[in-house]
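Which chain is which? They are A, B, C and D, in the order written, and residues in each are numbered from 1.
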Amino acid sequence: MASDKYRSIEDAIARVKPGSRIMVGSFGLAGYPEELIEALAASGTGDLTIISNDLGTPGVGLGKLLTNNQIRSLIGTYYNWNPEVAGANNEGRITVKLIPQGTFAEAIRAAGVGIPAFFTPTGAGTDLAAGKETREFAGRACVLEESIHADVALIKAYKADELGNLVYYKTARNFNPVMAMAADTVIAEVEEIVPVGSLDPESIVTPHIYVDVLTMRKS
Amino acid sequence: MASDKYRSIEDAIARVKPGSRIMVGSFGLAGYPEELIEALAASGTGDLTIISNDLGTPGVGLGKLLTNNQIRSLIGTYYNWNPEVAGANNEGRITVKLIPQGTFAEAIRAAGVGIPAFFTPTGAGTDLAAGKETREFAGRACVLEESIHADVALIKAYKADELGNLVYYKTARNFNPVMAMAADTVIAEVEEIVPVGSLDPESIVTPHIYVDVLTMRKS
Amino acid sequence: MQAILEQQAKERIASVIARHFDSEAQNGRLFINLGVGIPTMVANYVTSPNIYVQAENGMLGVGCAAPEGQMDHDLINAGRTCVTETPGCVYMDSAASFGMIRGGHVDATVIGAFEVDQKANIANWIIPNGKQLGVGGAMDLVTGAREVVIAMQHTSKNGKPKLVKGCTLPITGIGEADMIVTEYAVFVFESGRLILKEIAPEITLDELRAITDADFDLSPDLHLMPL
Amino acid sequence: MQAILEQQAKERIASVIARHFDSEAQNGRLFINLGVGIPTMVANYVTSPNIYVQAENGMLGVGCAAPEGQMDHDLINAGRTCVTETPGCVYMDSAASFGMIRGGHVDATVIGAFEVDQKANIANWIIPNGKQLGVGGAMDLVTGAREVVIAMQHTSKNGKPKLVKGCTLPITGIGEADMIVTEYAVFVFESGRLILKEIAPEITLDELRAITDADFDLSPDLHLMPL
């Protein structure tokens, strides 16, 4: 492997410390860093805040982390696919912060691009805007939403070049590119690492400046 | 031409009405819709607000519109390349609203994505923040900036497919993709129109939903 | 009032909405986003080539469900169904996709609802203290799409009206509903009033009022739902 | 005090900054943004292969200036100079490019200045009522880049100090300067104090004080500028 960013899955996941805020790219089971999550589950690292759209299904993918009691709190949009989340929340075992999906994506991007907060019409007047500043713009009520940042982002990309430039595959792209900008340490699980210059400079989605560690999927 | 969005340069530019707010993609002379601007200058349509990074150089490109007295006001970032701008502003012939370049780009994107306003650290405490709300986030002063929308965007892309999906060329990309999202009517001048399916769905920068009219560069 | 079986009700709702979109698409391209359930079925009934489906998980130009044996689990819609590409389709990240929605570029969204009230408020995201905890893109869609079409059966499984005077469940958006299509009727909101536009042949106006809690007016061109 | 010719001064400033970056790049990749003028010259002096140049008009991995006859006017840096590609370079739109800067991902920016004061305030964008009217990316760069390096001659063309007690011209950013490199000296800001780190062999400390309006402290390891 000619990339200085390449690490084994185990070395990479060792960067996740107990109590960290971890972003994980995914929408359902599309575009999630499967081997990194398996390794995180195997590590037993706990007290985590997981920032992700959903939490897979019970015992599968990100769902394993909840089944394993590694999660203290969740920040995300949709846990209907994993009823263990509502259960753990109702029992007070975890805290859950629900955010509208578009606001969630935009707030993560905002952290990546240095925007601390923005106004959005989404959610105005609903329970999810409770306690948030609301202000009218052009006659429309808008909610002030703050950016969402993480200690570590675990993302899934299709190909990396040796520098760490990334491209994605179909709807597995989802939250991965915005999360790649919004964490102190960004670890990307990829299917292939290609020589520098193999990716079209016009089509690179995540520039290498954002990527700290590359791991490669074994299967 | 198999695209139902294709129009002649003249037909396209007839959509710019006197008094309109017009966005124009460009950075210096890279990535500006040259033939559309030539046609706009030839049309004599006046009282325009031009929203663009700069105004080219005197009598060239966008500079022609000022030389022709077609401009009422400017919203942009950098007119040092065209000293006629400072002259016209000092004489009170036009009004100029200067915005930091990153804020300008972000505010145009914001209009495109339905964000009415956002906080940014850029410009806090400077003359360009005068009269704007300033608030601290994480101990850092930030300025509230509102989104920037236009009636018509005149943009330059490299290739379009017949649906109107766009890709760009090198640093001629600049403000074009964000302006494509932020105007009621978007007119793209392209060098080539290719069949649907010729562009890689992973690499399209501006989806066709944003594009109303395609014109093709003659030369 | 003649009962309509659930499957028939769903198909009817989807086909009525599809007819509405086919009609709108005569004026140019129409970009629509379809929620899970009945809304997704709308795609099976539209006939206009001018209609493009957006999926909020990051795709414009979603094709039909992938046939058995040709499923790609990294090519899904927001309901996690494996789908297919259409020519000229585009992939994008979630921020870009919701930017497209919030920015008002998507012409219409079709969603289900627990309740809709006569002030056009929609409740479709949560039943408090239940087994489900999620909002997904519901709030973004009702706020961002230019037209919000509610696709729902007229009453709940235990026969209670879903079209109510005031929502009792947490709302998804204030005054965002534009059109409501049930198996028995089509309503639109005009100038803040709920207006009955179409009524199904199986039901009388009095019977419709009996299963509708919300107050509504009759459209001057109220007519039978064409089936 | 021995005079230093303008061209020599500029080359020295660029090479001193390049040395600083080469040293920093020993710890890993370094991403830098270079303003027009002396800052652009820094690229000619850096030797580390770990240094990548970002141009705010939408490129990461900017190469050297394009040779005569190979100029592509759609491949420029923010100073409108035709440049070249480096392997692994990336193009992006202006919002993404400034997001990279504002988000703190660019390690350093090198810019010129009219004035810098002892509170690290920078004035480099406008002389009021002059012939130029523009801010460009100056405010975004000084706010967003992790390290702001000022590259300027020690005094103005008519001999006035540019390193002052308090800026008199409109400021570009409050307290944003981290390092100042002139032909005669290298200063850094540490805990809110301006510290002299290096002094050129052509000048004495008293002579330097005479052409510096700002108050400054001496670094414990103050040394001669290596040339």
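Here, a residue touches a chain if its C-beta (ideal position, glycine included) is under 8 Å from a C-beta of that chain, and two chains touch if they have at least 3 such contacts.
Keep in mind it's a predicted model, so treat the numbers as computed, not measured.
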{"item": "Chains touching both chain B and chain C", "value": "A"}
{"item": "Pair joined by more contacting C-beta pairs (A-D or B-D)", "value": "B-D"}
{"item": "Gap in Å, rounded to a whole number, between the CA centres of chain D and chain C", "value": "56"}
{"item": "Centre distance in Å when chain A and chain B are each reduced to the mean of their C-alpha atoms", "value": "33"}
{"item": "Centre-to-centre distance between chain D and chain A (centres being mean Cα positions), rounded to whole Å", "value": "35"}
{"item": "Distance between the centres, which are taken as Cα means, of chain D and chain B, whole angstrom", "value": "29"}
{"item": "Junction residues of chain A - those touching two or more other chains", "value": "106, 109, 113-115, 120-121, 168-170, 202"}
{"item": "Interface hub residues of chain D, defined as touching at least two other chains", "value": "91-92, 95, 98-99, 101-102, 144"}
{"item": "In contact (per the touch rule at the top): chain pairs", "value": "A-B, A-C, A-D, B-C, B-D"}
{"item": "In the complex with chain C, residue positions of chain B that touch it", "value": "109, 111-115, 161-163, 165, 181, 196-197, 199, 201-202, 204, 207-210"}
{"item": "In the complex with chain B, residue positions of chain A that touch it", "value": "106, 110, 113-121, 137-138, 140, 142, 146, 167-170, 200, 202-203"}
{"item": "Partner chain A, residues of chain C touching it in the complex", "value": "55-59, 72-78, 80, 91-95, 97-99, 101-102, 129-140, 143-144, 170-174"}
{"item": "Residue ranges of chain C touching chain B (in the complex, touch as defined)", "value": "29, 31, 52, 54, 60-61, 85, 87-92, 95, 98-106, 144"}
{"item": "Residues of chain B that touch chain D when the two form their complex", "value": "27-31, 53-54, 77-81, 83, 85-87, 89-90, 96, 98-106, 108-109, 120-128, 141, 168-178, 205"}
